[in-house]
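Here is the structure we will look at, set down as C-alpha cells.
Labels A, B, C, D, E and F are assigned to the chains in the order they are written; within every chain, residues are numbered from 1.
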Amino acid sequence: MQKSSREPVFLYTDEQVREKSPIARSFLEQREVQNKAVDEANNKLLKRIYNVDHNAYLEGGALAARTKELMGLVASAALRCDDCINYHIIQSYRLGASRAEQEESINIATVVGGTIVVPHLRRAYMLLGELYA
Amino acid sequence: MQKSSREPVFLYTDEQVREKSPIARSFLEQREVQNKAVDEANNKLLKRIYNVDHNAYLEGGALAARTKELMGLVASAALRCDDCINYHIIQSYRLGASRAEQEESINIATVVGGTIVVPHLRRAYMLLGELYA
Amino acid sequence: MQKSSREPVFLYTDEQVREKSPIARSFLEQREVQNKAVDEANNKLLKRIYNVDHNAYLEGGALAARTKELMGLVASAALRCDDCINYHIIQSYRLGASRAEQEESINIATVVGGTIVVPHLRRAYMLLGELYA
Amino acid sequence: MQKSSREPVFLYTDEQVREKSPIARSFLEQREVQNKAVDEANNKLLKRIYNVDHNAYLEGGALAARTKELMGLVASAALRCDDCINYHIIQSYRLGASRAEQEESINIATVVGGTIVVPHLRRAYMLLGELYA
Amino acid sequence: MQKSSREPVFLYTDEQVREKSPIARSFLEQREVQNKAVDEANNKLLKRIYNVDHNAYLEGGALAARTKELMGLVASAALRCDDCINYHIIQSYRLGASRAEQEESINIATVVGGTIVVPHLRRAYMLLGELYA
Amino acid sequence: MQKSSREPVFLYTDEQVREKSPIARSFLEQREVQNKAVDEANNKLLKRIYNVDHNAYLEGGALAARTKELMGLVASAALRCDDCINYHIIQSYRLGASRAEQEESINIATVVGGTIVVPHLRRAYMLLGELYA
C-alpha cells in the first residue's frame, strides 16, 4: 500500500535560512522575483511541471523527504546546475541534514560527474560554510 | 528542388530590441564586445562554424526562419545555455513569434530536459516580460 | 484566451508506421514491452510525468502539434537520445511532417549540439529512409 | 571525528544476482570481460580513479552505503548511463534497498533530468522486474 | 602566417584497420552504410557540417593532425559518444599514436568527465586491445 | 616501462599571469578563496579526487604536460565549464602553449560540441586576448 504524500516538516523556516546565510538570501530573493514573473505568465503546462516537481520531494514515500532532497542535490550537482544545487542544499539543511551528509552527497555527484563538477562544488562549499557556521 | 536560402525579414531592428529590453541590451552589448575579440583573431575554421550557424536559420527551406529560431531556442534551453536562449528569444521576437509560441517552445525543452532547465526558464521569462511588455 | 488542448489528428496509424518501416516496428515493439513493465509498476509520480509529457504535444496551443513534435525531435537530438529521436520522427511523420522538415529540424540540433549528434543523425536517416520511401 | 571506511555487508552475492536476473547476468558478464581488458592495461591513473570510485560507496560515513548506491543510481540516471544505472540498481538491491526505494530514486532523476531519462528508466524497470520478482 | 591545410599522411589504410580489428571492421562497415544514406539525402547544410568537421583535423595548423585526433577522442569521451570514440581511436592509430598516448587522452576525459565515462572507456579498451595487439 | 611522473616546469608563475591578465587575476583570486573553504572542510574523498586530478596533468607520461592541459581545455570546452576553461587556458599558457594551439584546441571542442560552446569560446577569447597581448 502506497502511503499518502504530505508536506515535510522543516526544522528551519525560509526566513531563518536567509538570516543565517547571505548567499542563501541573495539566491532566494532572486529566485522569488523570477518565480513571480513565471507565476504571472500563468502557463498551464509549466504549472503542472512545477507541481510534479513539488510532489517528488514529499514525505510519505519509501524514502524520507530529506533523503530525496539530498538526491536532488546529487542530480543537480551531476548535471551542474548552480541554482538547483543551492536550492537542494537549503532544503536539505531545513530538513535537518548534517553537513557531512551534504558533503557525501556532493562526493557521489563529483565521482560520477568528474572534475567539471568541482567549480560548482566550490560554490556549494561557500554556501555550506554559511549554513553550518 | 531546394529553394534558395535568403536572409529573413525582421519586424524589429536590433536597435529597437535594445530600446525595449534592458536585459536584451546588456546581453547584446556584451556579445558585441566578445564577438569583436573573436573576429579580430580571424580564426579560419571558427569563421566557417559561424557561417554554417548563420545559414542554419535562413528563409527558403522547408521550415520558416521563425520556426527554426524557436527550434534554436528549444535546443538551447534543452542544453541549458543562457546566452543561446537569450539570442534565440530575441531573434524569434524580431521575426514576429508571439509570446505564447516562445513559452510553448520552452515548455517542450523543459519537459524533455527536466527541472534543471527551470533556472534558465526563469531568466528567460524575465527577458520575455520585457520584450512583450 | 488559452484554447483547449486536444488530441492531434494523425494521418497514419501506429500500425501503418510499423508496416512501412522495420526500424520503426522494432523500436515500437520494444517500447511497448518496456512501457508495459512501467505501467504494471503503477508508480504514481511517474504516471504524472508521462501525463505531462503527453500534454506537451497536444493541439490547441499557439504551435501546431506537428511543430511541437519536430521540436521534441530537436531537443532529443540535441540531448542525443536515440529512442526519443525515433519516437518524435515517427510522431512527426504521422502528423504529416515532410522529410525536408524533419531534416531541417535535425540540422538545427546538429548545429547547436555539434558533431557528437552525427552518429544519432545517421541512425535517424536510416529511419527517415524507410518512412519516406 | 570521521568514522573509518569499510566494505558494506551485502545481502546477496554477485552469483545470486546473476541467477535471479538474466539482464543482470548479461550485464555483469560483459562488464567482467571488459574490466579484465582494463586491468591488463595496468594504467596507473585509471586504477586510482577506480579506487576513488570504490571508496565513495563504502560504509562508515555519514550516509549508509545503500543510500549512496541509490544516489549513484540518481546520478547515473540523470546523466543517462545505462551501464551505470544497471550497476547501481544491482548494488542497491544487494544492500537491501526495496523496489519502492529504487523507483523513488529514479523518479528524482527523471524529474530533474526530464523525459530523456525515460528510455533509460524503461530499461531500468525491466531489470527491477527481474530482481524483485 | 597561417600554414595551408592539407590531408594528413596515414600510416595505415582503412582496410588494414579492418583486417586487424573485428570491432573496428564492424563499426566502419555500419558507419559506411549509414553515411551512404546521409549522402544520398544530399542535405546542403549537413554537407557543410561534415566539411567543417573534416577540416578541423587536417595537417598544417599549430597542432599535428595526430594531436587533434587525440583531442577529438578526449571531447568524444568527455561527451560519451561511443561511435565518436571509436572513430577518433582509429584515426589516431592510423596517424601513429601510441597506445599509451591513447590511454592518457582517455584518462584526461575520465578525470574531467567522471566515472560515467568508464563504461565507454571499457569499450574503448576492447578496441585498443585489438588495434595494438 | 612507465616513466615516473613529475611536476611540469612552468614558463610563467601564477603571479605573472595575474599581472598580465585582469580576467585571470579575478578568476584565480575567487578560486583561491573557494578552494580555501574546500580545504578547511578536509573531506577525505574530495582530497583524493583533487589529488587524482593533479596527477593527470603531470610530466613523465606519453604526452607532454602542455598537451594534456590543452586536452583538459578541450574537455572543459566540450562540457562547457567556464572556470575549467579559464584554468586550462592559464595552465597551457604557463607551459608555453602558443595562442594558435589554444585556438585550435577550442576549435576541436566547438566542432564536436556545437554552437552551444560559442558563448564559452567568446569568453575564452577575452582571456586569450589578455594573456597573449
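We adopt the following convention: a contact is a pair of C-beta atoms (placed from the backbone, for glycine too) under 8 Å apart; a residue touches a chain by one contact, two chains touch by 3 or more.
For each chain, UniProt lists the protein as follows: A, B, C, D, E, F = Alkylhydroperoxidase AhpD family core domain-containing protein.
This one's a predicted model, so the numbers in the text were calculated from it and none came from an experiment.
Contact with chain D and chain E alike is made by A, B, C, F.
Look at the contact of chain A with chain B and you find different residues on each copy: under half of the numbers used there are shared.
Note on chain B versus chain F: their Cα superposition corresponds to a rotation of 120 degrees, in steps of 5.
More inter-chain C-beta contacts link the pair C-F than the other of C-F and D-F. Repeated interface, listed pairs A-C, D-E or C-F, reference C-E: D-E, with more than half of the contact pairs matching by residue number.
With centres set at the average Cα position, the gap from chain A to chain D is 24 Å. Rounded to a whole number, the gap between the C-alpha centres of chain B and chain D is 40 angstrom. Chain centres here are Cα means. That of chain A falls 30 Å from that of chain F. Annotation for chain D: residues touching 2 or more other chains are 45, 49, 52-53, 56, 75-76, 79, 84, 103-104, 107, 110-113, 115-116. Chain D contributes residues 2, 44-45, 48-49, 52, 55-56 to its touches with chain F in the complex. Those residues of chain A lying in contact with chain F across their complex are 80, 103-104, 107, 110-111, 115-116, 118-119, 121-123, 125-126, 128-129. The touching residues of chain E, counted against chain A in their complex, run 110-117. Contact residues of chain B toward chain C in the complex are 52-53, 56-57, 61-63, 67-68, 70-72, 74-76, 78-79, 84, 98, 100-101, 103-105, 107-109, 111-113.
Here chain A touches chain B in the complex through residues 31, 34-35, 37-38, 40-41, 43, 45-46, 49-50, 53, 75-76, 79, 81-84, going by the rule given at the top.
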